[in-house]
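These notes open a run of structures that come right after.
First subunit A sits with subunit B, and in the next complex the same chain sits with subunit C.
And then the complex of A and B:
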């Protein structure tokens, strides 16, 4: 009896193992697969590009700074290195009418959907109409409607008409570029069928998860496999982009795969082992990976900061907290922070210092820095000339002058008779940010303000700091816009515009709800500035206002996406070397956006096998 | 009493544990005395600096400018210098590259005698723009470039001069390659026996302070847990009846809920602002008294019907007096041992909580768990920064080891069946 039981159990075990095995994909050929890391956590929720929470990082991520175009494609690709838009589904170049109220572009003749039908101007129009219908369930239309009046097809071309102000000038032509590089173009026939299927119910369309084979795509890759451990895209060898008018060939890797790891440390181990080729993950002291461990790992640049920094993680002051409405308090805290320690220790020097690139509303790229009158803003850059000790003394003096002093002798200053106690917050597990918040808290200690750190979980944090009103977090972190076609204007707007005050789930900017009339005027004026000189003057004024009022302050510079590659299997990745070669051939340089975002996808066509 | 102390001193286990504990306590008490300053001060502008002694280069140069150096003629100085500039691994890389580039290097090896000819060959043949098989990846090219620039620096380092400014006048002072400075001639020397952590804090200072904090947490948590357990156990065991039923019900409820889960839940709901060291200790204390209460109760039940207790009852002594004078002394040895274990588990509980990111606030006090938490967040374990986590683990292990040794040592002393 016992033997029979044991046999039955053994068979059951074997069967269950076999069943589990049946679900895993047959091993991918390593020399045909490019493994990514640092994007996908948890399993995929949807294959519908209209879905607002698809958690499908390899396929769906549309963003002006660089959309992921492996499966679905945008009209243009943004290249952060030269600030230009390169045609993808659209023909290179676009035309403005004289008063910049209409933009016209053509769709590439070669562009095809995977079902063989051509991508047409009608698809572009239908996509805009779909966003319109989905308003309320997807934020795309709401974001662009104040600027884009209409998109229509004329003579096979796409004509975008802009919203104009009373003087007949466009409200903001820059946002059109964001739309063109930051939203996918979808097939009209499919969009029609979706609305038909759901009887015109927009909510049902937006929440339809769609099967992975359902949605027509124009990109070079399509679904191959996914479960809670792995997601794989496979190359579509009929991809239209092998036409000479686009890439002229197919992307090199047959598969794009992303293993889902439990966390950063597991992912890092896999990267070191060569199981990840392109890794989007912050690795402290990344140079140790080659200097000490001797691994075949490289970054965009050989030397610190190792990547292209395009954004500034920023500490925002909550203006709903009475003591933070006092400008001197905000300024004193910002002055007393030891930024060198943040950059050296939190970022392990993977950021230029504020001595290298003095603070402003601009990111460290040359293009943006050229838009400032540096001499004019220098007096307002509190850490440009003074060392930390001087700054702390000045900060203390500032507080004393403002009447915020320690009256009861406990070492902490009081405001209106109450000890100033502030909480500095960022999401738990975001290590470089947590470390930065620790340094900010330490600065408070030095000037007699009690600042303590608090690291809520991400799902709580994201609802609090984006709320229309909150008093839970006094100082908290988020990044303003990085490099996008509408930057640096978009960043200035995100840092200072009062249009975001009172908005619920506000992901766009001014999270501290600061308001200033002059700032709003400048933000409205910049896109319409006639000359570069005028623009420069406005940016300079905005910077001075920002540095003087300190509604928020940048803590460090940071790459848009972290980028490091392991050259065990593949090589010739995007790097300064490769870009130097491309520049010599007169080709555009490729931004180090992990070979999948914006013009960064061009890197897919250059990789080679090591063997 | 004297006898007990004497037998304690004769118990090797107790004494080993006790000495270990005293050493740790000593570090916590005395290290900060000799190395004063805020243990959380971020002194380093690099994260994870390796353990060692760091001399100020500026001050060492000043010693040279003052002409106070000593001269030593060392035979192996040149060899050492070459080795530190171009390591054995570098030489192997150079040989491999030259071979791959089609240069005949069969007559060369990595020895010091061959270094000159190796360097010459390298200078003649290394070309960063040349494509050499096996050296085409960015990583390899970068490694060769950095090796080459290191080599150039070493070659150009033939003579060194210090250029200083005296007003407008520029003064040049030669740096002789056989000049030495004594380490205490240098005005600023930083000793980092355990390097620095991710924030650039002195690990040893932090560790000493953290041992103190963790011991305090352990002591408070242990005291609370022991007192709670003792009171509940004594009352429940001695009074019996409905009181016993109620108290044991509470006890059972606490037993079936895993203590650590309860600890996490309470601590999480307290909120981060309230998470000071004392709160941490109190929360640990009030979630870990159950087993003490149970054991005390069972011992009291066996004691309460003893003759001397009955005699006290007949004499009309009060409840408190009976418990304190007639029962407590019999279980005192057990309580002491339970207390030691509670201290140890309190320290471990703090470490576990902090490791999960639920520890006390970081900016004010260092604790062992928080040090582990930051080391883990910054991947110290996968990146090989052993000094950022290993000493902490060792201290946690040694503390609970020493307390457990003391406990079993005491057991030997108190428990007649275990006596030798």
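And then the complex of A and C:
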């Protein structure tokens, strides 16, 4: 019996080793490896940077708010803390022509591909042409084509010509910034070879998984290993960025690794045990990890809200529901919500309160708040001054005035003779959002509206709020745009633009399909505002309109990415203290974007080993 | 092979083919009846700034075409069958553009390596325990059996979480995540193998623990029944030694247990889901769980097809073996 058992176990071990697909004899040295968490929850599907649906979280995530530039690089890096674009492959700074219809920038002379050839303006042009060819298989071209007419090379520089309106003005110069920080620049020679390899078939190019993992790159890291449990990037010690015109040195960690966990619980256990150094994961009561558990864990700030909030999870009213077309009903619900409870319970105070940062269309950052006339919007901010009880009374009065009253004495108000019953929803398992939705439902109860909560699985939920028409649910949650070069304009657009009405698979905004002519005019005017004062007036008007009409309402503030670090192995991570030191030296502050997104990657050059 | 055997096999094969066809149809159609829209989920990443309805529709159609969703369900089913014969289950929705076959081939090894030994060990220990409890009684029957019963009643996720919390998090005797240490790249070194063994412990024992109880209870009941059978009493009357009688008793009692073993092995892929998910074990169970939550129809169909085929093969082999090893079955089937 013992022999059989031993044999079975031995065979199992061998099978396990074989299942792992033995390739390289290596154990990553802990003191040379920076472990990330919260990004990769499945094995990597592709290493093709043209494939915009890639789940390759450590290498491919191009987004205006902060692209991941460990492997492939963008022209500019966005810094959410100061709202500026910093040159990466591009030289710092760019030039607009007089009427802002053309933007010109140069490519850094030192910028090189890993094969030693120079990154040139032709590569930038070829990349735009590739997006064009891939239209339909990748949303990049369709997203920017209404704003960017052409990209060409002239005298070694890149010239971007904008689409203009009838008056010869650019449709939207802001979105050019998004393109520059939100799309990778790829090597022309490789792009040509890809289309040649597939006989010009764009679909085949888009579906190529690039399983050889040998796509030319310009970033500091490249593929090292990946399987069902682990993904590892290794530093390229010939990285051009060690040139003085860029970082002046190599990033500190030799390896960037991400273990694939089954979910947040497993990932949190690993983080607590020091198996993850930088964790992008919401951890409720995160302060307990150092205050109660005594772990070497910290966040960007020592005190609540512990991070930089840049977006606002929002409850959207379904405008197809007749009773929600009544402004007073929308406003009454929003007024009666106990936001302090949401922030204390759902976000465990990892959000400023609406008393600290009164509601508007802006996120809490100083840069965005400066774009508002706060005195003008104050009368519309229903929860800035009134306490909850007062708000509830005011909400009831608002409903009474609108004629929405309880006529049959059942405790619930009626609209057109029928009890007002609303179904609110958010994805199952998103516990902070679910807690917020319960508070919204409770608010309904307090003012005589029957609001019930429903939590469909994510796969079903994602069809709820993105649908062109929604008849099952009445209130749903999603977040508008966070920080990006085109924000806060992009957020105003997402909150109020009627261009999203009637769209199927609408992942962009105005999920409740509210329509307002003046809002559309403001959205069109902001990008073309000649002065900052004009822009401020428009943003202020947009905020007043939003707070008065309440097509949706923010429930809390939230970071763009969650950020917590375990300083067992590495230290000197991006923090408020580090940024204070950098500011004192006159250097840009680094956004707490997990050391991998946008200008947040600068944090890679500051970390140090604990021992 | 006699005519009787041939007739028996033909009959069995016929019914297994019918079962297989029905199972394949269910594997294909049931996941596709779930609500949700996998293409919409993919578009969340690919659309970017696109607000042009025509552009969105174009992308929607491209992905529908890539997954064959633009065709009618019967057409999709025929294509699925045609391709499945060649081992091509199409592209995964959730891991597009990775193929389903690639995903399965990289994870099935972990599942088989975890499940089969755990099931066999659980089966052996359970049967030994059940047999001893039946034969020796006393403390075995009063303490060990109730304890096994308790564990058999514990749901799979309960046992796994308890082991994880006690031995993984509190006592730190064994790692709780993955199949080997996070910083390791698979290789044939002792360091790696020992890491695999360390990570193997908790998921392995979580499966063994819950399977012992069920096996032990069945074996004990069968053994008690056999121990009171006429042939045992007669053997004792003849003065045959207990040791020899017990061998016959357990051989007879074992027959239904063999069925249990075969079925457990057959359904091992499905059974792997809980342990693999809780311990982040990179096997087919975790893959199947993610596929279900993402409405990844091709991946769900392929994984459930594997379960179907394994269960069918196990029960088919069982029927065949039974026909040889148990004359009663043979006699009944041949009638």
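Note that in this section the second predicted complex is superposed on the first by the 585 of 611 C-alpha atoms of A that agree within 3 Å, B and C clash if a C-alpha of one lies under 4 Å from a C-alpha of the other, contacts with A are read in each partner's own complex, and residues count from 1 in each chain.
One rule holds for everything that comes next: a residue touches a chain if its C-beta (ideal position, glycine included) is under 8 Å from a C-beta of that chain, and two chains touch if they have at least 3 such contacts.
These numbers were taken from a predicted model, which means no experiment stands behind them.
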| item | value |
| --- | --- |
| Subunit B versus subunit C as contact partner of A:150, first or second or both or neither | neither |
| First, second, both or neither for A:505, with subunit B first and subunit C second | second |
| Contacts of A:573 with subunit B and subunit C, given as first, second, both or neither | first |
| Residues of subunit A touched, compared between subunit B and subunit C (which is higher) | C |
| First, second, both or neither for A:104, with subunit B first and subunit C second | neither |
| Partner chain(s) touched by A:453 [first = subunit B, second = subunit C, both, neither] | first |
| Touched partner set for A:269, first subunit B, second subunit C, both or neither | both |
| Contacts of A:515 with subunit B and subunit C, given as first, second, both or neither | neither |
| Common interface residues of subunit A - those touching subunit B in one complex and subunit C in the other | 269 |
| Contact footprint of subunit C on subunit A as seen in their complex | 1, 4-5, 8-9, 11-13, 15-30, 33, 35, 41-43, 45-46, 51-55, 135-140, 142-144, 146, 175, 178, 203, 206-209, 225, 227-230, 232, 257, 259-263, 266, 269-270, 275, 457-460, 462-463, 466, 499-500, 502-508 |
| Parts of subunit B lying in touch with subunit A, wherever the complex brings them together | 40, 42, 44-48, 89, 136-143, 145-146, 198-200, 272-273, 357, 361-364, 376-379, 381-384 |
| Sites on subunit A touched by subunit B in the complex | 264-265, 268-269, 272, 283-285, 288, 290, 292-298, 302, 338, 340-341, 344-345, 348-349, 423, 428-429, 431, 434-435, 438-439, 441-442, 445, 451-456, 565, 567, 571-573, 575, 577-578, 610 |
| Touch list for subunit C against partner subunit A, complex | 34-53, 55-60, 62, 66, 91-92, 94-98, 103, 106-110, 112-114, 116-117, 120-121, 124, 168-169, 176-189, 191-193, 196-197, 200, 276-280, 282, 286, 289-290, 293-295 |
